[in-house]
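This structure is in structure tokens; I'll ask about it shortly.
The chains carry the letters A, B, C and D, assigned in the order they are written, with residues numbered from 1 in each.
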């Protein structure tokens, strides 16, 4: 049988990879993808915890549903922003965009 | 009817309406603001008629659980003192909105912040839960910061930041005091009325009072925490100055009356002498510094410091007359300084200067404005027959038996007050008309509409103080009894 | 060694490898396709956890919608910049250098990712987890019920969020056209 | 009628409101409103006087403010009508009416004509309110309002810097006196818990008030009177107040402003009477002022200035009368003085109107050109000099008689000397202005008699200046009206009467010798008495003294305070720096006790932290993300290790 621990470790490594991607890459779209990876890692955790620790309750799964919803929204708006910035400034590398400094 | 919640919600609805109105709909935001600030006046008038002036305790109470796990609730209610301040806030909120016609840039944002400010101000004066109070108290800061920082004068960012840092610092210290009381009370509640019943350990009272006092004193402002005030005033646009002087300063003194004194009476007694000295310094030092100012608005700002000194002195003395005078002064100063700032604004709109030395002969150039400024100045000087005098009279009458020496010095301070006001009037209003000011247009209907209510109230409460005293008399008695009983 | 464990290991390896390719592959369209693989793998994990409903929407929404729009965005955009592959941070500008002082920038993400994964693993290993197994039974029905009862309000809020996101994305796209 | 005496101040109040709000729409800017309302008030006041003379009276009390509910403190306002009130009401409305009538001509064509009439109404209202007050606080309120009204009227020609200064000076100086008044109220209030005159009188009568309270309270109130009635040492504002239009001067000097101080003492006389020390100070100030101001009046060359100092001197007499314990005499002198001083000022106004100068050396021989003005001036002058049978004689004689019989005869001799000087300078004015050769022919040629609106009041007042004294004493009318139980009935003393009259006549003689004939060489006299002349000419250097000792220090203090406030910031930064250096060298303590100190310290600290941390705020998303991740990992580890 697969133990809870196994799922958790898988999720941790998936998250670590996502984190690395979000930090190491400069292409905004790639960063979005990395974020999706992290969200998935979180979802695995949620579902695993729910199924193992609170059998019969679906709270964790409900959370996962919401996370997926938010991810969809985030992807839509995020891509729109990226495209807009790319169109207006001609760059897509986040290290060249430091609007937040002002 | 949940009138108090309504009072807070109406400006928020106004805020919402402004946010959904497109930016380019010229004038719409202003209209929404006027409506949303006028409705609170109606609500307050309704309250004035339905309020039971002889019944002790809070009225129009509403209480709902908010964060039950730590005993925070949405708990609002008013007694006579808060009611009087609500009258002031509702009125000035509307008048300052009227006077906002000179704001031409980024109107939508301006009015949006304005509505938020108004809601927070009402919230402060009706909250009976410390955390709720604190939230509103802090919430006032944010719109104020932007209102000064965006629509202010040349040094606005400096002034806004200074204002923010000062008041935030005070608030943080205050929060420590609040938490200390929360932890010391066995019931672990933030309910002000409950906390009032608990006799805190005297040692705790002494330092917790100091902490609360510091938080409120920044707002008042008490010497030596006052230096943000002149800068903030000079840079703030006129309507914001009106609110700043008329209402925001009162939040500090209201905090004393509602929280610091009733919750920590022994702490208050311990520090009374020091508070009285600071009050006296406010009076005398404020007047002296005002006399040396070259900028009209700065002078008015320092005169506020002078006036708020009477509130401090009255509260420190703690006799019924003195406290009554102190509360009266909150209202009177709100009206007179509000009017003063309105007048300075009207003059600035026409002459584009606030430098006293550059103004001259306004009695001739703009007679109506001249006369109203003279009225405002005399009101601020504490001329008998106007509300400010009543306040000063009662504070001094009441404090004399406690601090005779201070009172005599304060009375001498009144001469200095008269001197700087008259010097200002001489420089600004009297003298030959200046060539460049010839043909300036005099007060418009709108200008008059903003000041006439203030004139009427200043005169009414100067001639018939009983009408205002009756409003908060019962609450005052409760305050006195509570302070004496512990 | 039972078949469940075997499937888990295979799925795990597929997911991690695909994720690795997502963040490292040189061509961005490849990365998007690898992302789809990783997401399908996660759907498999859900199946294994008896969360069949989640597996289905994982495939439908993530693979069917999100990955698709990412690929669309890349392929349909007129901008060359999006399609050209970027250089790795390692060789890039080092403005961050000042912030992280002595740590070379290129090492920081690796360190962060590894630290996180290993740290979590370590933390998990210090905990005694119940040795139970996944309860049998499908979750679609209870999930649906609780979404319509206990979690009705969040559910509705989520739908509003989606609506707002949709409107927002359209507004942004239109504004870009001008 | 006395029950409704509040109508009397209400009428001018109404007139003020009407003129202020609608002056542009009223015929002649509302002047007729002011005049007619004041006349109605005068008629009503006469009615009240008649009633009071027949034994009526009124005292109406209204609650004003109630503080507290358990043992409420109630402060009342109200008005009371008795003989003192009734006579003052009549005098004030009468003079005010005449002055307003006179102003029709004098102020004609003034650019702030409407405002002038409005303020006059307000002035009258304040004074009438003051007269009716039944307690110290109400009286104080109107006392201040009178001050404001005078401020506005003195500053009527506000284009002139001298008028601006004079207005401020009047207000501030009297306010300094009011500080004393206010402290007096505080003392009495805290000792007795009441400010109502009747209650105070009752308490004092029972002996329930400590003597020192009475004395201090009385001295405080005296401060107010000294300020308003321009007594030494707060007399400095009155001569400067000549900057106002001349009819205003008449009003101020005769009936409203300066009478307020004397009236204040008279109204609270039960307090003074209970304290011999206080009475002594009252008498001393009165006598000193009477003499002191008379000396200055002898050398002034501005016609209005002479009259101003003469007013101060005469007010000194009134205060002296009160001080030696004769309330009736003091108030009697106030009344007669109101007639002849108003008259003198109005004639001065007429002269100024005709010649357009106030400088007496540019006048001369004007009686031929302005016969009515000249004759009425002589009537007023003789009354001022206290010559029988003119009005001033009776009242002055009464005061001197009481002074002679008091504990301190020195005051009597000071009064006699002042009477001599009074007669002298009055004669001097008469000769310089109305007799002799015209010194400025140009002005002389243009001089003309004033229109009827101006001369009618002169004639009315002139008649009163002649017969007023005797008239009021007819049937003991006045002494019955204002009755204060005198210690003993004083029989007329021929010595006193003779000395008073003699000194007056002597003064006239000397004046005649110096100015009417060339028998005495003026320059020689001036040379002989040069130091004294300089002293008088510079008004005993009081103004200079105040400027040097009070005004400048206060201004300097204000500047200093302003500097400290404005430069506190720099000071603190420097202080922090210095303190840092001091600390590092182990030399000294940390001093942050400058304004703004602690706060700026915090601000500086915040800035320093900000400087250090701003490098991390690069605006780059990934940097933030990295930080976040590292913090999470660090937190995780810490949590695991600590939490076990």
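As a convention for this text, contacts are C-beta pairs under 8 Å (C-beta built on N, C-alpha and C of every residue); 3 or more make two chains touch, one makes a residue touch a chain.
Source: prediction; values computed, not measured.
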Work out which chains are contact partners of both subunit B and subunit C.
-> D
Most remote chain, CA-based centroid, reference being subunit B = C
Does B-D or A-C have more contacting C-beta pairs?
-> A-C
Distance-wise, how many Å sit between the C-alpha centres of subunit B and subunit D, to the nearest whole number?
-> 35
Expressed in whole Å, how far the mean CA point of subunit A lies from that of subunit C is 5
Subunit A and subunit D have mean C-alpha positions lying a whole-number Å distance apart equal to 83
Just how far, in Å, is the C-alpha centre of subunit D from the one of subunit C?
-> 88
Residues in subunit A with touches to at least two other chains are numbered 19, 23, 26, 95
Residues of subunit C that touch at least two other chains are 95, 108-109, 112, 116, 120
In contact (per the touch rule at the top): chain pairs | A-C, A-D, B-D, C-D
Subunit D-facing residues of subunit A, complex = 19, 22-23, 26, 31, 94-95, 97-102
Which of the residues in subunit D come into contact with subunit A in the complex?
-> 617-622, 625-626, 629
Provide the residue numbers of subunit D that touch subunit C in the complex, in ascending order.
-> 615-616, 618, 620, 622-623, 626, 629-630, 632-633, 636-637, 640
Contacts from subunit D onto subunit B in the complex sit at residues 63-70, 73, 137, 140-145, 148, 151, 155, 158-159, 161, 164-165, 167-168, 171-172, 175-176, 179, 182-183, 185-187, 189-190, 554-555, 557-559, 561-563, 565, 568-569, 595-597, 599, 602-603, 606
In their shared complex, subunit D is touched by residues of subunit C numbered 95-96, 98-100, 108-109, 112, 115-116, 119-120, 122-123, 126
